[in-house]
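Take a look at these structures.
Below, subunit A partners subunit B and then partners subunit C, in two separate complexes.
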Partner chain A sequence: MAWGGSDPGCPLLRRLPDQTSGRRTTPAAGAPQFEGLMEIDRADGRTPNQLRPLSCSRGVLHRAHGSASWSQGNTQILAAAYGPKAGTKKNENPERASFEVIWKPKSGQIGKQEEEYEMILKRTIQSICVLTVNPNTTTSVIVQVVHDDGALLPCAINAACAALVDAGIPLKHLAVSICCSLVEPGIVMLDPTKLEEEKMKAFTYLVFPNSSHSVLNKGSAQSENNDETEQGLITSVTHGIMSVDDYLQCLERGRAATTKLSDFLRRNLQPQLPSNT
Partner chain B sequence: MEQRLGNTWRMTVNERKFIESALLSGLRIDGRDPYDYRTLSVKFGSEDGSAEVHLGQTRVLAYVTSQLVQPYRDRPNEGTLSVYTEFSPMADPSFEPGRPGETAVELGRVIDRGLRESMAIDTESLCILSGKLVWAIRIDLHIVDHGGNLIDAANVAALAALLTFRRPECTVGGENGEEVVIHPPEAREPLPLTIHHLPIAVTFALFDDEGTLVIDPTHLEEAVMGGRMTATLNTNGDVCAIQKAGGVAVPPSVIRHCLRIAATKAGDMTSKIKEAVDAYNRDRALQKIKRHPFPASVNARLAGTHMGEKQKKSEPPIHKGDGLKQMAVGISSHITKDRECKMQSTRGNSHIDGISNSFVGTPSSWDPYSKGVDTELLKLSLASQASSKPSEKQEEVQPDTRSFEAKPQAVPEETKEPSRAIQPARSHTQSKGERTLLDAVKPKNKRKKKASTMDGR
Partner chain C sequence: MGAQKNTGDWSSDMEIDAFRRLFPLRFYERHLTEAIRPDARPLKKCRDTSVAPGAVATADGSALAKIGSTTMLASIKMEVMTPSVDSPDEGNIAVEYYMPPICSPIVRPGRPAELAPVIAKQLSNTLLSSGMIDLKELSIISGKAAWMAYLDIYCLDADGALFDAALLSAVAAFSHLNIPAVSLNDEGKLTIVSEESNGEENVEKEPVNRDRRKLTISSIPLSLTCVLHKNYILADPTGEEESIMETSITTVLNTSDQLISLYKPGGPVLASTASIKECVSLTRQRIKELQDILSDSFASMDMN
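Moving on, here comes the complex of A and B:
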């Protein structure tokens, strides 16, 4: 079942087509950039820097105050936001707005994985929203997984952000999220599918603020994992082992990809006026 | 009007009085007749056994999964069926996360009773090894939008998902007959469930004891109603379940009247569900033809709807190396049935040309005269599929084109395929391919005959 008959270690890498298949060559450490090279062979024919097709629809639900359905390739997430409700939970700061995230998997019990996703989403949302406008309120964001085909958390963050926009919750900026995976040390691939993710050495979910329309040197970001010069990194979750250089390369790639995502988001969210209840 | 503060939606006295007095004159607030259903639409997801139902504003997702488990001790020969309902907090501000509330439990129970006790699903066919291994079917229902009448919508969703669900085929073998081998979908075609009849739930909202009732209440009507009755019937006229839990008391004549109405409605719903499922199965069968020679499930999912864009461009030049790649393309464009998604590709366009240079697919030992034909057949059938109107293309066929790249050539073969009953034995495609190649050098009419004899085997 291998593509090109290569060994199961990394079926995505193969020799260029003018040679017979079979052996895979390990690229030297510090491999050259592969914008133009076709060394990476993804099952659906994308290049390493290519994202799956995106689609986003807002206002899909009638009862929720804001809702959005976001899909990247086959991964599809439905997110809904219910506007500020009075009161906060006990351990939340009543001088700020607080958020509550509920993650609903496709089937099965809610376990630790879902709770972790909820926590990450909640912290990400907290850093993009203006918390001082509605103090002592709770806004709920509910995420339902419709189909999982890789890059689930980034898709959910994008969907949740779109749902918040649809609900009219005041935001500082949008959150744009992407998954970068490490095929081999030195080779980074964007937006893996589920099967690709399983074969990766490591992958990371990154969330950046969206790029601003006017090009400025300094971005507007607050950051939890800070330090980037232009645009701050809001959230980063990694799985697997990667070297520091590889991680930084992932960040670069991710940030470059977010400009495209931001454009898509801007085009999608802008012309539609929010529908009345 | 709904307040912006989540849980505090209350119906105002004005709204309540308005709805009640309108009903006395037989008027409903959304303009329907008292016995009219809202528009029902059934959509299917990319996997088998996932369905989404819109009934007016109500939206329900259903997923069916299966697992091998030990059977219950008192029923060693039967598989099990379980229904799980999730009232997602996104559906209604008053739904709380966590344990299902009483309405959720009631909904699950009503649907479960309709399916289980009426033997709608043949559980004996789910038994693999008596007393040891049976299939457990699990239905997960997610209510994502509460526009009223959740029971009916959830029931339709569960039925649609069950009708399109496919379980893996397994064979029992080994020395003592106890070894069970589960075949992956690429090896053997997964099997549908045996469903004898479709129990359709019809919900009535009762307003007073004089028999004012409406079918398919919206959530506003539900907030006003005095009681509810759900009757689950099938098209044979059998009553599978009736649920009336408290609420306003109505005389038996009203109940009989309800059952009569429910019988007609059940017929309507059944035909709508069957239509949607048939359309889905047809699409699925078409893609099965092309999907065959390789790890189809892998390619199909990975390619996603991305390639739909590719097809919108003028057909790129097809060379052999492309064939498999493009085939994966065609598969995926038919997998996502969910038409809500708008197709927008961000970077797809500029990279499509890059794709044509890379080669994906089995043949390292690729030989144009042995396996190449599969590629050709599939690629050409893909190309005809790309226009998504194979029947139209058939008229444009030029009988003389023989070259491998000619698209119209494949059309008569391809259109032959769907017209046959789709045989599960796809493993014969290889040999079929070889015959097709040999036939390719024969005149076209003979080839058509050969195609028919081949399929007949």
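Moving on, here comes the complex of A and C:
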């Protein structure tokens, strides 16, 4: 697949306006819509609930065991996974697989912000991986920022997840991540660009497991269990002041949007599974 | 603690301490079913908390906070700086958080703790975004001089809920902070008027800010960390609890009941909306307690 190439079969991409052209299109037919929110203008003509065009290509690096390039609009992350390797690192654990995350910024040295991202990414990866399969090993995930145009951490989490799948690391489920931002109390916007992020009152990065209906077939998806997995929140990071109700609204909105994201991820991963070829 | 006296388990033939070491999770789960914790707390009760403002005499503001045995020492040193061009009438706050090897066996000498920069970043995000301090108040002369508050927090004993204790000590240190008086010297530079020489020699010099003054502290941010395990929620975990049950949620609310941060870095347990709401309501209760503790400690300090 070409660099940054997108799956033409993805309805999300067909539906979304090209971000660079700034065209205004009618609201997406299938996107989750909420009344009374359509009047907010975004610089790129998206509706508040509209994500930027997604693209993901896997296996972009030859030496890595698994790699992926993930982009959301102009934000692009390149992630590589090496491992499982014989555990020699300080975090080695004889009973569990351990992970390390190395964050490479676009330029310069890593600071506190990046170290925080490393920690969040590492803990998120640990929570989606089956840790008992390869005990006493270390898996390294290297995240290279190619371009930052807002929602950097969610983009990195999505990229890392795709890279882990590409490397064949056993996972419990996928993680899909989204940035929800609060324009003003009660008004939530999804997947902001850098420019929008700066203007926001507050924003939150949320990570959910991929929606269960795409993993389980209809028969096994019991209504109760299904609800349980839908509800779960893996990671939450917030910036800025918001009311508790606004946060809960972000949570709900983010959860709805991750359905779209996990559909995209699933569609993207599917053709390369041996069972489907 | 007679919870382990049940039969049909290893625990009946084993000393409690050995069982605790060998099967830490089973040890805890056994307690949790009885709705009690090994330190005899109910699940949602926090440890005893105390705050001692003014612990460091040489600092402009300082406080020692203890939550259980977790101990944090925060001190603030004020320095005059030139404000940035973007915000000429604002001062700034720089947060440093140290975890020396003295605080915990997991911190080894020569290798900085992994957690330290993360907590430092969280603290500065929380303090700056909560609006507790109006940075404009730290301005001395617009565009020319402003205060830089260097907040240093030392972890003396790390036994869980590090962020909560660090934030509490930081808030107490800012409440204790006295901004020093400054005056212009002959070269046109601002100097801090030291208390001893506050008498005759500075009289002819123009005092720039009149007096030592306190900052106005509005809507204090305070936090509570909860550990999630299965369906249990444990408020204010100890270090042992944090290492055994790895999912934690840190909720920061300010005193006007707004959410400053809801921080859950991964973890094996997924948080449902209901447990998030539960954490928020526990935090609300905790903030009331902490506010009382803070006001009591400052009241008793003023008495002395």
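For this structure, a couple of remarks:
Simple rule for what comes next: the second predicted complex is superposed on the first by the 211 of 277 C-alpha atoms of A that agree within 3 Å, B and C clash if a C-alpha of one lies under 4 Å from a C-alpha of the other, contacts with A are read in each partner's own complex, and residues count from 1 in each chain.
One rule holds for everything that comes next: a residue touches a chain if its C-beta (ideal position, glycine included) is under 8 Å from a C-beta of that chain, and two chains touch if they have at least 3 such contacts.
None of the values given here were measured: they were computed from a predicted structure.
Overlay on subunit A: subunit B and subunit C fit together in the combined arrangement. In the superposition on chain A, A:Phe264 makes contact with subunit B only, while subunit C stays out of contact range.
When both complexes are overlaid on chain A, the residue A:Glu115 reaches subunit C alone and has no touch with subunit B. Within the superposed three-chain arrangement, the count of touched residues of subunit A is higher for B, of the candidates subunit B and subunit C. By the touch criterion defined above, A:Ala64 reaches subunit B but does not reach subunit C. Superposition on chain A leaves subunit B and subunit C with their closest Cα atoms 14 Å from each other.
Subunit A has no residue lying at the interface with subunit B in one structure and with subunit C in the other.
Looking at the complex, you find that subunit B touches subunit A at residues 1-2, 4-8, 45-47, 50, 57, 59, 61, 63, 65, 84, 86, 88-93, 97, 138, 140, 142, 144-147, 186, 219, 294-295, 298-299, 301-309, 321, 325, 328-329, 332, 335-336, 338, 340-348, 351, 354-355, 357-362, 364. Those residues of subunit C lying in contact with subunit A across their complex are 111, 114-115, 117-118, 120-122, 125, 129-131, 247, 249, 253-254, 257-268, 270-274, 276-277, 280. Residue ranges on subunit A touching subunit C, taken from their complex, read 90, 112-113, 115-116, 119-120, 122-127, 202, 204, 207, 209, 228-229, 231-244, 246-248, 251. Contact residues on subunit A toward subunit B in their complex (touch as defined above): 1, 3-5, 17, 20-22, 38, 41-47, 49-57, 60-65, 67, 69, 71, 73-74, 76, 78-80, 82-86, 102, 104, 106-108, 140, 142, 144, 146-147, 149, 193-196, 260-261, 263-264, 268, 277.
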